[in-house]
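Okay, got some structures for you below.
Two complexes follow with chain A in common, the first pairing it with chain B and the second with chain C.
Let's look at the complex of A and B:
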């Protein structure tokens, strides 16, 4: 057994991981989620805004991280729609506008058709320049945003009139997959203007530990990876579906659905780590 | 025929037969759409069963291409192979082309040419752009000049000229990032770490859990800093505190690893969901 484990081909580990993720998906395994403080903080920050408040939604991710960040982007937009907030979508990643379009179709056009483009939400598209964009728009919005994603002059868009800079926003929500992302929003927007710019974020698992030092002074709320998304999903669904006696649509349960494979895969991972350590210590004890 | 080749041939033929069977009986990978007020949308399963949804050839082809490319990339887990190389090359090529087009339409056109000659750009590229020049429009001649200098490295002579705009870019970004780092990551972090170790709640009662959290935060920071303090030999009390610092660092790395694993599993889950649900129609 020892020799078998010591020389185990890593492809067997890959196969086990594939099965650990695939089986719960095929059997639709789901487990209850209990929201933690950070997810509740994000929920509360949006929840306390009065109807008509301005929210800047910066979607800085791409298809490669859509599986992790898509569910939280969907729920954030739904939450803003339920609260009747004015949504300003921007992206610092080149494929961000496609992610924005996807969420607009999935949530706004499908479930909130009464919302009007240009009055209730606007897609301002991608701007190159990474943190340079943030640095500029914290003081001068129109220096970079002269048109929306469709090419319409920003002065002709009713909800964009009177905005000098992003200090006019009541909340900034960033969904981030890396650079530029939440770290840059904290560095260039939230930290220099702590009384005027408030940011909450959702990020990938890789980023989350790097953002914890900013909590709670510079970053009041954070959705870390798919787990954070599932907790936030639960809070929104609880308030806007279950309390009204409705069953949530499948698209509003994506993160929770993906937590099933997480549980099984993590158990496998823990088992493999323990097994690896057992083999390591056995090998060490056999050394002369 | 080698044993391994035989096994893979059998697996691939079996998979092909399964796909052919599913395609003939269940319409595997077929995408149907509904026409709505907001355009063509993926049809609901009820409409597909009722026969009111329309078959979409383009979306069906897209689903098959996405599925086959996913399998090509995942095949690398077994071994490097031509299918993986092909998919990798396509991704690299498409990404590079996409970046070029995006850079042209989002940087060169609106941020440079649109500032220098707005009326001309408005006439053929961006109708929403104002045709009036900004008061200090001539300042944009500087980035135009720097851009030309940057491209000079392609010329047979005078490649050194491209170093000047590079030096400007590096200097500007170093300054920009240094200020933000000092403000957000250095000074703010010091301020955030100055916490009361004994906390009382609003009603005057001792708040044990918040106090414990603050003690842990401050203690962990000090222990980690001691570990990186090499001016004193790590012996006695200093040595013990620095050992605690190592433990703090290890726990941090473990948390980071755990988060990374969670992220990667989520990415695998979405690809498998796509294969099982959108392509094979198994769930």
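Let's look at the complex of A and C:
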């Protein structure tokens, strides 16, 4: 046994990981979620906005991290729709517009068809320049955004009239997978204008520890990875589905569904680390 | 010089940012510098593409190890670039297109003299020196006490002119000019001239009398050629194969002379283009859903149940509610809604589903055919106006079926490698490693329901020891403290390094090349 474990072919580990992820997906294993303070803070920040408030949704991620961030982006947009907020979508990542399109199709066009493009939501698309874009639009929006993603002049879009800069937004929601992302939004938007720009964010698991130093002054709420998304999902579903006696649609339970494979995969990781250490100590005890 | 210019740019821009951050009056300078930075960032994409080509072409040329992968990279890059920039297969933007119209190119200068309208009057001058609106500027002139307008005036041009000066006399002059600058009566509403597009346009299919009326306006060869071209194009015949027609099919009134169904070839035959309104009228070939009486609802339910299983109470209620209320949709749409609602609250047999969804399938198939005819008959004005990532375009295919799954797979594979690495390398070799291991276990468990499950039994007095609470504590106290210390250190380092860069002491970012 010792010899087998010592020389364990890594393909066995791969196989175990495959099963750990596949089995809960196939058996649709789901576990309850208990929202933590940070998820509740994100929920409250959106919840307290009156109908018609302006929300900037910056989707700075790509298909690589869609698995982790897609469900929270979906839920954030749904929450904004339920609250009847004005949504302004932008992206600092080149494939961000595709992520925005996905969410618009999944949530707005299918469940909130009464919302009108240009009056209730607008997609302003991608702009190159990373934090340079943030730095400009915090003081002068039209320096960079003269048209929307479809090429329509911004002055012809009703909901864009009267907006001078990001300070006109009531909340900025950033869903980010790295650079540029939440850190840049905090440094270049929230920090120089603490009384005017409020930001909440959702990010990948590896980013979350790096963003904790900004909580709560510069970043009142943070959804960390799929766990944060599942907690936030629970809060939104509780308020807008269960309290109204409705069963939430599967697309609004996506984060919770993805927590099943995460649980088993984490347990496997712990098991593998323990096993690796057993081998390590056995090896050390056998050493002359 | 090669190094001095970048050094100067860096120093000047750097100091501008510093000054503008601390001096509100100089904020605009920082903004200006940032806009330039964003423009350069856009150009950097081109440089990036060039660099990618250079690196990989060199690898292929040198036959270095893995040169085949470089070939694939270049192929993928070029394919994406070509289909993206060329917008191949992307439909034109609907708002940019003139559906229902055909065009012939004709410069403004080539418009015949008979198309110049004149009214007595004076173009007013604005106090602020503002020129005439751009939409009319090229067509309107002041000559011998008269205002001349070349071409036919569009309603938006009239509006722009009226807005130019808010005076009753001016509005009256504009009104008179608008009336004078209209096509002759038989052509009104059919023909137009778009100055910005340098094009003569015709709505629908041009008849022989329309053609004669247009030709009568001038004998100029350019004009005649444009009219003949328009005549040919507007009468183009489009055929779309349709194997069946809706039961209540009727040609809409506006298309009576131009659309017919050829029963022999089973084709819809259309002469000329379709406007959006005509398209919508043609689509609407199915009866609206009227609310059913109680008796009709019972019959409907019995018929549905006769095809399979009986409905449960919940389903019966839904059926009753949906069929009794007035719905703005067609029968197919209503039955589809009903079918989906019934499926949500219980089962249906295949036969029951088919019976409910069949009318909707027919409607969708018909709409698709109408759209096919609409696009086939349309003369595209701006083939590049569409979105490069429009659904169904080659770029969309590349993104959806290559880029998206490949990047997602790359990221997902991390789980496998991390698991293997954790098994082999995560060893409790010393105290620091043991601390790290312990923290990792708590966080791994705390980020799932397992953490709650394992320690939920702990009493409230020991709630702090619950794994989920421990996770939050570790993240908010130890992690935050450690990260803040690192960040403050980095910030100080950045400040000193930036100062060295701005003052030209540190020039390493310029590379190692000589002067």
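Rule of thumb we're sticking to: the second predicted complex is superposed on the first by the 288 of 288 C-alpha atoms of A that agree within 3 Å, B and C clash if a C-alpha of one lies under 4 Å from a C-alpha of the other, contacts with A are read in each partner's own complex, and residues count from 1 in each chain.
In this section, a residue touches a chain if its C-beta (ideal position, glycine included) is under 8 Å from a C-beta of that chain, and two chains touch if they have at least 3 such contacts.
Model, not experiment: these values are computed from the prediction.
Asker: One more residue to check, A:251. First (chain B), second (chain C), both or neither?
Answerer: A:251: touches no partner chain.
Asker: Just to be sure I read the superposition right, which of the two partners does A:83 touch: chain B = first, chain C = second, or both, or neither?
Answerer: In the superposition, A:83 contacts neither chain B nor chain C.
Asker: Check the residue A:40 against both partner chains and state whether it touches chain B (first), chain C (second), both, or neither.
Answerer: Neither chain B nor chain C is touched by A:40.
Asker: Just checking: does A:269 make contact with chain B only, chain C only, both, or neither of them? Give me first, second, both or neither.
Answerer: A:269 contacts both chain B and chain C.
Asker: Between chain B (first) and chain C (second), which does A:239 come into contact with in this model arrangement: first, second, both, or neither?
Answerer: Neither chain B nor chain C is touched by A:239.
Asker: Pick one for A:140: touches chain B only (first), chain C only (second), both, or neither.
Answerer: second
Asker: Going by the contact rule set out at the top, does A:191 touch chain B (first), chain C (second), both, or neither?
Answerer: first
Asker: In the overlay, answer first, second, both or neither for which of chain B and chain C A:280 touches.
Answerer: A:280 contacts chain C only, not chain B.
Asker: Considering each complex separately, which residues of chain A are in contact with chain B in the first and with chain C in the second?
Answerer: 14, 17-18, 21, 64-67, 95, 127-128, 132, 135, 150-152, 192, 205, 208-209, 213, 225, 227, 262, 265-266, 269
Asker: Where on chain B does chain A make contact in their complex?
Answerer: Against chain A, the touching part of chain B is residues 37-38, 41, 77-78, 98-99, 102-103, 106-107, 110-111, 126-130, 176-177, 180-181, 183-185, 188-189, 191-192, 252, 255-256, 259-273, 276, 282-283.
Asker: Note which residues of chain A are touching chain B in the complex, please.
Answerer: Residues 11, 14, 17-18, 21-22, 25-26, 28, 64-68, 70, 94-95, 105, 109-110, 113, 125-128, 131-132, 135, 146-148, 150-154, 156, 186-188, 191-192, 204-206, 208-209, 213-214, 217-218, 224-227, 257-258, 261-262, 265-266, 269 of chain A touch chain B in their complex.
Asker: Please name which positions on chain C make contact with chain A in the complex.
Answerer: 21, 27, 30-31, 34-35, 37-38, 41-42, 44-45, 93, 95, 385, 387, 389, 399, 403-405, 407-408, 410-412, 415-416, 418-420, 422-429, 437, 440-441, 444-445, 447-450, 452, 468, 472, 475-476, 479-480, 483-484, 487
Asker: Which residues of chain A touch chain C in their complex?
Answerer: 8, 10, 13-14, 16-18, 21, 31-34, 36-37, 62-67, 95, 97-98, 101, 127-130, 132-133, 135-136, 139-140, 143-144, 150-152, 192, 205, 208-210, 212-213, 215, 225, 227, 259, 262-263, 265-270, 272-273, 275-277, 280
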